[in-house]
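Two complexes come next, and they have one chain in common, subunit A, joined by subunit B in the first and subunit C in the second.
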Partner chain A sequence: MSSADWKNYEPVLIPQIRDLHKIDVYEKNGGYSALKTVLTAKDKFPDQKSVIEEVKAANIRGRGGAGFNAGLKWSFMPPADGGPRYLACNGDESEPGTFKDRKIFEYNPHVFIEGALIAAYAMQITTIYVYIRGEYRAYIQMMEKAIQDAYDKGYIGKDIFGSGYSVDFHVHSGAGAYICGEETSMLESLEGKRGYPRVKPPFPAQKGLWGRPTTINNIETLAHVPSVINRGAEWFKGVGAENHPGPILYGISGHVNRPGVYELPSGVPVLDLVHEVAGGMRNGKKLKAVIPGGSSTPVVRADQLDGITMDSDSLREVGTMMGTAGMVIMDEDTDMVDMLWRITHFYHHESCGQCTPCREGTGWLEKVMLKIKNGEGEVKDLDLLLDITTQMEGRTICALADAAAWPVRHTITRFRDEFEARCKKSVHAVA
Partner chain B sequence: MAYEFTKEDLQEIEKIKAKYPEVKAATLPALWVAQNRFGHVDENVQKLVANTLDLPESHVHGVATFYTQYYKEEKGKYVLDVCTCLSCQLCGGYDILEHLEKNLGIKKGETTEDGMFTLNEVECLGACGYAPMMQITNDQYVNNLTTEKVDKVVEDLKNGKVPEYEQIEMPLRNVK
Partner chain C sequence: MPEVFIDGERYIYEGEQRLLQFIQDLGKEVPFFCYHPSMSAPANCRQCMVKVGQPIKDRETGEYEVDENGDRVIRWFPKLQTACNMMISDGMVVHTQETDELVSRAQKDNLEFILINHPLDCPICDQAGECPLQIQTYKYGPEGSRFEVKKVHKPKRVQLGPRVILDAERCINCTRCVRFTDEISKTHQLTITSRGDKNYPITAPNTEFDDPYSLNTVDLCPVGALTSADFRFKARVWEMNQTPSIDITNAKGCNIDLWTRDNLVLRVTPRFNEDVNDHWMPDEGREAYRIFNENRISRPKQKLDNEQVQSSWNNAFATISEQLEEAEKSDVLFVASPHASVEENYLFSKFASLTGYRTPLFTPHIEEGKGDGFLITDDLAPNTNGCRLLGLEEKSASEIAKAVKKATVVILLGDHLVDRGILTSEDLKEKFVAAFATNNSETTKIADLVVPITTAAEHAASYVNIDGRIQRTFPAKETKYTNRRLDFEMSEGRLDRYGTSFDNWVTDNNKVDCLPMWEIMRRVAEQAGLEEFQYGSGREVMEEIASISEPFNGVSYEAMDEQSGIQLDSIKPTTVQS
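Here is the complex of A and B:
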């Protein structure tokens, strides 16, 4: 299934099957057969390592934004020593423009549960937590129900499929903090603390939850695992773009006719996603810009988008990233100054306050942007903003400072004329 | 005012504690139990949670004040959290916020005199495709808002009618 053939793609994460969220419907459609295979089919998967190898070969690049090979991440877990080991599933989903994992919670929770169970078995994990942002109360309740149903059917709990493998599975609700989507902050929050990211190393695989080996995966990443087991790594690698393979949940929002979450192969042309998948621009307006993967990924001008596809290699050509594939589409009437000010406000609000360059820097970015937005800025303030971004990037414990700095740098660079037009005439400008 | 958990609350907290190897991990969920019971987690409620879990008050206070969804003071009967972040901004989130400010006669962050409504501007709630939207008291999402729809929701709430869960149609597959 090539990216160009996306129109003939059949979804596997959110297929159109009525009541798929119910466990018996999921079972009727082949659900939990992948779990059974890894636990009982010793000819296919003689041990846990063979499961990790298969997933590694599939090259499921983490769908939370970092894009790291999930199987490779699993292989970093140290050998089991008889003590507790944890899988923390990241359903915090708070990056503006991102609203994909909720579709899995709502329409196909068991594909995620099954994927998490396979991951847990492969890494000899004893307890799974799924961290869901507190605002998703409805989805938290749906997940609690789905997990209970899987317990009742014996897919979770003691001696699953008579294999001797046992695991527990719990839901943990967040309570409103973007930073808890950062993996070590999420661990702190799970441990019942303020969500301050941890210094790495030690990495979670060495010292994670309660000082024990822990792996953190995004919900969508884990939801891909059952189809990798059922159809094989070769199938997964054959879907979409070569270096960023597999199906992707594209969350498309903004000025389009049919916003929503669409499951398609990776590597679909950005302009196809805007004009065909999402039904084109609202009110017949022209496309101005696209943020491809959540608010922190650099914005791209419409004139840069010809031939650009949604995969990391192609997006790198225009200096941006795949992120969460939460695409924000902007039409010709969009005020880039207002848009960027709102993003700086977001990151200032959500900085946890632990590192000075981020705590202070996000505040300065917002203040200077507010000044420009209100027509009080000077052209030199744009360079001040760019200077602030270089003082933030790479100087903090986690990547929130970078996430705040990138949109500022790239929006100003790519729409500089618009920002200058909003500034009052600089005292340094030649009349 | 002295706050006390009911027997059911205490049972629920015991169940929560069993999910984790350390009692501290029960802090967030126990604060949720408290907020669901009392409508907020002010300092007195924070003390109750600390005493119930046998944790320092300073720890519970630190956690309660870090997370935005815990109400550190009494709020209106219904809290309207209007999203204005990125996609909602692009699709008119500020129009909805201003409309509500005008209609309720309060500014964001304030509560109406009759104690019915608190109005907040909030950061991304993860409903970007259904913008603009708002959340009611940490629970129901109301999507694809127009000023007419907002007016109807407010009228309904005044009559004690909370909007039902809005299921969003499955994404269209036949985009062929």
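Here is the complex of A and C:
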């Protein structure tokens, strides 16, 4: 199925089935058959390694934003030594503009549970944690219910399908920190510590949770695993863009008529997503800009979007990224200065404070942005902002400083006129 | 041998080494704040950024790839790396701020960030003068600031515990203090609270930072965020003299520095000694600075009609001689002290043996259960092992009391036996009691003769610690009879070099009228007709001990200074420093 043919795509993660979150309904629709295949069909999957190979061949690129091949990540786990190993599922989902995992928790939790179980089996892991942001109170409860149901049915627990494989599954609630979506600070948080990202190396596959080998996957990434097993890696690879294959949950928000989460192949043209999938611009306004993958990905002007599709290669052409595919659509009335100030406010509020450039830089960015927003800024402040972003980028332990710096740099460079118009006339002006 | 290239120079190295430590050990410099050699490296201050690359090796042959000039092809890390947590590997190429524009730029940028929310209140900050942030800003920082908006405000003057005060605005969030309580003192009393630029270290709600090692965090703090409740606003560091010494409040013998101004010891800080205390010391030892200043005995005192009155030195020596002559030899008792130095105890016992008195007794000063297996010991005296090695008679408290009751003349060396509860004033009635002591106490109050002697802050003397390590002190403050400018053992501070005696902080007020034990014993011996006490310094006493006493063979002040203390073979270390 090519990207262009997206109108005929049949969703697999969030199909139109009533009460799919209930385990009976999920089973009736072929649920947990992939897990059964993996655990019992020795002709198809003689060992754990064959599962990893299949997933690797499917090239599921991590849906959390970094886009790393999930199967390849799994293969980095060292050989089992009898000690504990962990799978940590990242459902912190705190990036502004991103709300796709929520749809899975709410609508089809078992497809994620099944995927996580297959992943755990493939990596010989016996403990799974799913870390869900604390604000998702209702979904945490739904997830706990779903896991309990799967325990009751024998999909989780001891000796699943008589294969001798046993696994435990725990839900862990976050406490409202964006930074805990960063994989290593999520591990710290799981350990009950302050959410400070860890220095890498050592990587989590070597020393993760409690110093043991750990793999961290995004919820959506794992939710894709059952269909890869059921339909084969070839099918998955055939969906959407070549270098970023498979279905994607597009979370579309902003000034459109039908915001929401849409499951479609990767590589759908951005303008199709805006004008057709999401029902077009609200009140017939003109499109002004799109943030393609959550607030940290650089904003793109409408005039840059012709022919650009939602896959990493195409987005790179206009200097942005796929991120989480949480698209923010902005119409012509949007004030880019206000928008950028709001983003800097978010990163200032959420910087964990561990590394100097991010701790100090995010606050400085916000304060200067506030000055400009209030009409008290000068043109030289814009250059200062660009300088600060250069000083922050690539100089911290985790990528939050980059995430905070990119939107500032790109919004200013791409909408410079608008920013200068807000600045007061100044003798210092250098622009 | 594996090699590493730093700023174009080739160095060889051994084993696993952190790059920053290696650069420092070479005597070169890369600025940093959060790194500390005895703790983990969280790499959070981001100040020690350097450019690091690795030569490309041919996978098959194992040979380095070379370019057309025959130089190795280097694959650089795409980003600058923090040197503190970078392990050196063979062939690594490093560019520091000395040779790379980007690195010096990055370090300058980082300092600009650190300073934007720092209050820059150096003129009223205790840390000024010994502040890594101040020093490194002058060396590597930006010339000004482009920060024209409002700084973050955070709690100030927070009493974290009985001894430590926090100014959160000065904090640069290096987490050294938090890591100290996690990794070294293991009380876990501090943590970072809040997020981003609002964060600062604090205790859990309703708990105190009463860690017995809490003041180490004040030394560790690279800015003035944590200050000592006791020392703050007392003195500027550049007005003080820094003199190496030994902690005499317990048997560990932590290496310390005494900081003096106008002949008052104002603070005590730990001095690095890998074999004893690493970089640390207990808070108790720091509070001991008071014993050098307060409640000192100045001029001898003598009892007249049951009341102590000021006496003179001549009178004091005459009185001792008289009493010794009059008494039967068997009725005279010398009580030595584990609180006094090796030299003092030696002189005491030498006098006793030359004049035919009983060998001096001593009783260890132990408080069971006080020790923590780290730097606090059950033994409250600094020289118990020294007394043992000198061959003094070790007695229990009750044996000492019994012996004192039998004697008619009792000569005490610095051990306050009444205060320790070993003797009562009743026991000392009807006897002649002479006390050689530094500070007034219940014991000196009832003595018939009190002879003031120098403290560890005023003389050079040695102490044998619990592990059998002999270490020595230096004179840090003047007595009435010594002069900083004439005594080469005394440290030279900025004021000594540049100030004049008219500088108003140099006065005679705080000089104590006391003498070192070797001088007192010379005078006592002269009265008794003995010629064997012609010493000119503690150094000569130690030379004599080393030549005649086997356990001290090979010990000298020079050797102790060179090796920062000498491990004596006759005592096995009880604890092993990891």
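Simple rule for what comes next: the second predicted complex is superposed on the first by the 427 of 431 C-alpha atoms of A that agree within 3 Å, B and C clash if a C-alpha of one lies under 4 Å from a C-alpha of the other, contacts with A are read in each partner's own complex, and residues count from 1 in each chain.
Everything below uses one rule, namely that contacts are C-beta pairs under 8 Å (C-beta built on N, C-alpha and C of every residue); 3 or more make two chains touch, one makes a residue touch a chain.
Since this is a predicted model, take the numbers as computed values, not measurements.
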**Asked** Touching A:177, do we find subunit B (first), subunit C (second), both, or neither?
**Response** both
**Prompt:** Now for A:194: first (subunit B), second (subunit C), both, or neither, which partner does it touch?
**Reply:** both
**Asked** With the two structures laid over each other on chain A, which partner does A:99 touch: subunit B (first), subunit C (second), both, or neither?
**Response** first
**Complete:** Per residue count on subunit A, the busier partner among subunit B and subunit C is B
**Asked** A:210 contacts which: subunit B (first), subunit C (second), both, neither?
**Response** first
**Request:** Have a look at where A:12 lands relative to subunit B and subunit C in the superposition and call it first, second, both or neither.
**Result:** neither
**Message:** With both complexes superposed on chain A, which partner does A:219 reach: first (subunit B), second (subunit C), both or neither?
**Reply:** neither
**Item:** subunit C-contacting residues of subunit A that also contact subunit B
**Value:** 177, 194, 349-350, 352
**Prompt:** Residues of subunit A touching subunit B in their complex?
**Reply:** 7-8, 11, 14, 16, 84, 93-99, 102-103, 106-107, 133-138, 170, 172-178, 189-195, 210, 251-255, 258-263, 276-277, 291, 295, 326, 328, 330, 334, 338-339, 342-343, 346, 349-350, 352
**Prompt:** Which of the residues in subunit C come into contact with subunit A in the complex?
**Reply:** 41-47, 49, 78-80, 85, 106, 109-110, 112-114, 116-117, 146-147, 149-150, 152, 172-173, 191-192, 194-199
**Prompt:** Which of the residues in subunit B come into contact with subunit A in the complex?
**Reply:** 19-22, 24-29, 31-32, 59, 62-63, 66-70, 84-87, 89-91, 123-131, 135, 138-141, 165, 167-168, 170-173, 175-176
**Asked** In their complex, what parts of subunit A are in touch with subunit C?
**Response** 177, 179, 194, 196, 199, 348-357, 359-364, 367-368, 370-371, 384, 387, 391, 394-397
